[in-house]
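Across the two complexes that follow, chain A remains constant while its partner is chain B and subsequently chain C.
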Partner chain A sequence: MKRYWRSLRCFWGTSLAAELEYPLNAAIEFVSVLGNLAGSLFVLQLLFAGGPSLGGWSWSGALVVLGLYTLLDGFTTCVLQPNLSRIVSHVQTGTLDYVLLKPIDSQFWLSARTVSPWGLPAVAAGLGLIGWALAQGGPEAAAGLRSLGAVLLPLALLLAALAILYSLWFVLAALSIWFVKVWNATEVLRYTLVAGRYPVSAYPPALRLLFTFVLPVAFLTTVPAEALLGRGSALWAIGSLLVAALCLAGSRLLWRFAQRSYTSASS
Partner chain B sequence: MAGPIIRASGLSKTYRISEKQPGLAGTIQHLLRRRHRDVLAVDGISFTIEPGEIVGFLGPNGAGKTTTLKMLTGLIHPSGGELEVAGHEPFRRQARFLRQITLVMGNRQQLIWDLPALDSLRVNAAVYGIEEAEARRRIAELAEMLELGPELQRPLRKLSLGQRMKAELLAALLHRPSVLFLDEPTLGLDVNAQARVRDFLADYNRRTGATVLLTSHYMGDITALCPRVLLIHQGQLFHDGSLADLTQRLAPCRQVRLELSDLQPTEAFACFGVIEAHQGHQVRLLVPRAQLTERVAVLLERFAVVDLEVSDPPIEELIGGLFRQRGEASVTGGVP
Partner chain C sequence: MSWAWRVARALLGSQYALMLEYRAEIALWALSGVLPLIMLGVWSGSGAGVAAGLTPQQISHYFLAAFVVRQFTVVWLIHVFEEDALQGRLSPLLLQPLAPLWRYLAAHFSEQATRVPFVLLMLVVVGLAAPGVLWWPSPAELLLGLLAIQAAFLLRFVLQVIVTTLCFWSERAAALDRLLLIPYLFLSGLVAPLDTFPPAVRRLALATPFPWMVDFPARLLAGEPVNVALGFGAIAAWCLLLWPISRVLWRAGLRRYSAMGA
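Showing the complex of A and B:
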């Protein structure tokens, strides 16, 4: 465990140093986050123009969902995209060989080898938006945060959301072992998950089913947001943790299977 | 460890590859109905390698060298046969096995492009669980052997190809592996850089007793480093022994070059062997090994010889000739 922790510190230390070789990226990412957030808020305002509630969600509740989405998007930029996009290039160029020959779990290496600071503005914006929305909604908006247990539940559900999101990305990236060029699929996933910007109940019934049982968008933002607002149900919470565990186990199994199929790039 | 460090018995690998006709129609047909074909890349080869040996692995492109190397490192699963490396079954890729081996590929790098090599070395030290003080000591030792100094502190992208390869070797050897798999480690390097890498590998082998299995496009690497070669062709082992034995096997004649003080007719040399060339005072003959001493003695007695040289034909020409005979166009170990 100590070796993994030291490796992670080295991984992230070196990748931050490498990223900071290109500081212009920071400015571009900052502007991009602000633009995205402004666009989402504008759409949300339009949706609320018809009345004070959207699918049973108040304005501040919907902002919490948007804040969680922005937070997850930042996590994607910080960790998922830089690491998992590399799986595809590792397979294409044959450098996956070096990863597989290290005496460390290859899934850990591929998932945590690098970190990009350019998602941090989105993480900060997401956290800020959640805090502001909870404050704006008054005491009942922050009803979920009255006791330690009630604070831990949203945190656990947020971790479950991160695990689900990670597993979806990893599974798609791991498919490159067989199909090599799968990067477009992860882009499609990213744009599909944009649906998580708004509460799932705001969508028509068919899409609600799709976003709950096929693409678990509901578990990414809506379920943790409900827990934050003190309206979470035990059934959804258990379901969320179960889906996260299944997704993680699925990604693990798929990777083990993928390694058996790996033929390595030709020299 | 007693006995061979590498033991391969009846090792084989079959790839299933999909076949596609050229053009758009072929692509559409391929999408709708895939056709596959089995290709036997390695066909039941057997060999053993003792600890501390340096063995050259030769063969034309597509002969099965890299596939064998990848089975030995555990990257791909053999289709048949038995394989043991350093007391382990490679494909299980247990951490204890991975700590004992290393793979260097001349055409692929593991170091981080934008950062100094030292940063990548710190990552490797952490992954292999080497304490920082010990890692620094090892880096200093290897850097001295590789004649690397301030280069380790410059971003990798600013180093020459030769310096990058030396840094790659350093990264690959930091954990002190006992078995080195080197796939074209001098690829693209100039003659001086090639020589330095060769010297380093020979020195490393002497100092540590590590076993080395080397494939190279440059015959100079093989002749300088490998007392033993494995020659693989169409997935089968064609030769396992010394380069001298291989030369004898491929060239039953030796080349005799004469410089004469007077002019002689070409027919005068016909009874000594095959006349390769005769120009003025210079004559080049191919003489069967078995009659070499006797015929050279007669040549010296019969003609006024100013200079005489007996040599083997260049090994790359012999190997190249062998594969050309067998219908191969491109030969590893041929003239670069």
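Showing the complex of A and C:
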């Protein structure tokens, strides 16, 4: 365990040093986060022009969902995108051999080798938006945060959302062991997860089912947002934790299975 | 003239064969263009469209048309070019008696042709999931719509050539394209019909090139009343404005190009 901490410190220290070689990126990322946030707020406002609610969600509730989406998007840019989009090129060029030979768990190495600071503006913006929305919604909007247990529940659900998101990315990236050319499969995932910008009840029933059971977008933003607003139901909370556990175990199993099918490049 | 014809045929033929080889990848790219369909789901569930004077049918036609427009106006020049410039693959292209941009343009047209079956398949799936949502535009609308899509594609291509020339100065110019994507996303009508915008924002949007890239062709295809001459005129005017800028930047950049990897 200690070895893993030490490796992680080493990995992230070096990759941060490398990324900071491009200071212009910080400015670009900052502007891009602000622009995206302004655009999303604009569209959300347009959607609220027809009435006081969107799929039964108030304005401040929908803002919490948008904040959670921004937060998860920042996490994706920080950790998932820089690491997992590289698995494909490891498979293509055969450098996965070296990864498998290292005296450290290969899934850990592939998932945590680098970190990019450019997702941090989005994480900060997401947290800010959530806080602002809860403050704006008045005392009853923040009802979920009155007791210790009520603070822990949204946190647990957020961790579950991160685990689900990670597993989805990892599974798609690991598919490259069989279908070498899927480097843009993770892009598809990223563009479909945009659906998480809005509460899942805003969609027609068929899409709602799709976003709950096939592509678990509902567990990523809607369920944690409900808990934050003090409306979390036990059923959804248990379901969310269960899905997260299943997804993590699934990604682990798939990776074990994939390693058995890996035949290295040029062989 | 016959030389141009021969070159065009050879370029398009070879690029089309190349794209067919990577059809699985292109299917995935087609799948990643689902944003207008997701927005259709949100808009049809909210009362905002009706409040802006649009019927549910108008909304579904608009977003399905926007989906088709988006599929055939994708420009990925900068990502390929950045890699080619960094790895030195641009150098042999520059030695050929043909401007390298023509090759990239042919690649884009071939990619569009490869996309056709996948887009049709996705439309069929949409039609099966929501019967009655698909419609058949009149021949005139269809013809004008397809022309408008190609015009919008050319405008996007010229705009991206300008950003692409910055690859000569920076190693990570593709990051700049992400900035350009933001106004495109929110002002073009991809995520919300321009009719629902507040009047001031709408005027601002119409003063940029972005609404002509999605809103204009999508409304043509959806059978909405639209000023055809104004639309094509605006696209032509923006192209005429941006093309000389891209030429100047391209020449200046080429002088700086040091042929990495040579």
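We take it that the second predicted complex is superposed on the first by the 266 of 267 C-alpha atoms of A that agree within 3 Å, B and C clash if a C-alpha of one lies under 4 Å from a C-alpha of the other, contacts with A are read in each partner's own complex, and residues count from 1 in each chain.
As a working rule, contacts are C-beta pairs under 8 Å (C-beta built on N, C-alpha and C of every residue); 3 or more make two chains touch, one makes a residue touch a chain.
It should be emphasised that the depicted structure is a prediction, and the values quoted were computed from it without experimental measurement.
Trainee: In the superposed model on chain A, is it clash or fit for chain B and chain C?
Mentor: Fit - chain B and chain C, as placed by superposing on chain A, sit side by side.
Trainee: Now for A:T14: first (chain B), second (chain C), both, or neither, which partner does it touch?
Mentor: first
Trainee: Is A:P23 contacted by the first partner chain B, the second partner chain C, both or neither?
Mentor: neither
Trainee: With both complexes superposed on chain A, which partner does A:S32 reach: first (chain B), second (chain C), both or neither?
Mentor: Touch status of A:S32: second partner only.
Trainee: Taking the superposition on A as described, I'd like to know which of chain B and chain C A:T93 touches: first, second, both or neither.
Mentor: A:T93 contacts chain B only, not chain C.
Trainee: Mind working out whether A:E187 is in touch with chain B, chain C, both or neither, as first, second, both or neither?
Mentor: second
Trainee: Identify the partner contact of A:F179: answer first if only chain B is touched, second if only chain C is, both if each is, neither if none is.
Mentor: In the superposed model, A:F179 contacts chain C only, not chain B.
Trainee: Is A:A206 contacted by the first partner chain B, the second partner chain C, both or neither?
Mentor: second
Trainee: On chain A, which partner touches more residues: chain B or chain C?
Mentor: Of chain B and chain C, C contacts more residues of chain A.
Trainee: How many Å separate the nearest C-alpha atoms of chain B and chain C in the overlaid structures?
Mentor: 6
Trainee: Which chain A residues come up in both lists, the one for chain B and the one for chain C?
Mentor: none
Trainee: With touch defined as at the start, can you tell me which chain A residues reach chain B in the complex?
Mentor: 3, 6-7, 9-11, 13-14, 17-18, 21, 93-95, 97-98, 100-104, 109, 260, 262-264, 266-267
Trainee: Which positions of chain C touch chain A when the two form their complex?
Mentor: Interface residues on the chain C side: 22, 24-25, 28-29, 31-35, 38, 41-52, 129-130, 170, 172, 175-176, 178-179, 182-183, 185-186, 191-192, 196-197, 201.
Trainee: Spell out the part of chain B that touches chain A in their complex, as residue ranges.
Mentor: Where chain B meets chain A, its residues are 15, 66, 70, 73-77, 93, 95-96, 98-99, 101-103, 105, 107-110, 112, 114-115, 119-120, 122-123, 125-129, 155, 183-184.
Trainee: Which part of chain A faces chain C closely enough to touch in the complex?
Mentor: 22, 24-25, 28, 31-32, 35-36, 39, 42-43, 46-51, 54-55, 179, 181-185, 187-188, 190-192, 194-195, 198, 202-204, 206-207
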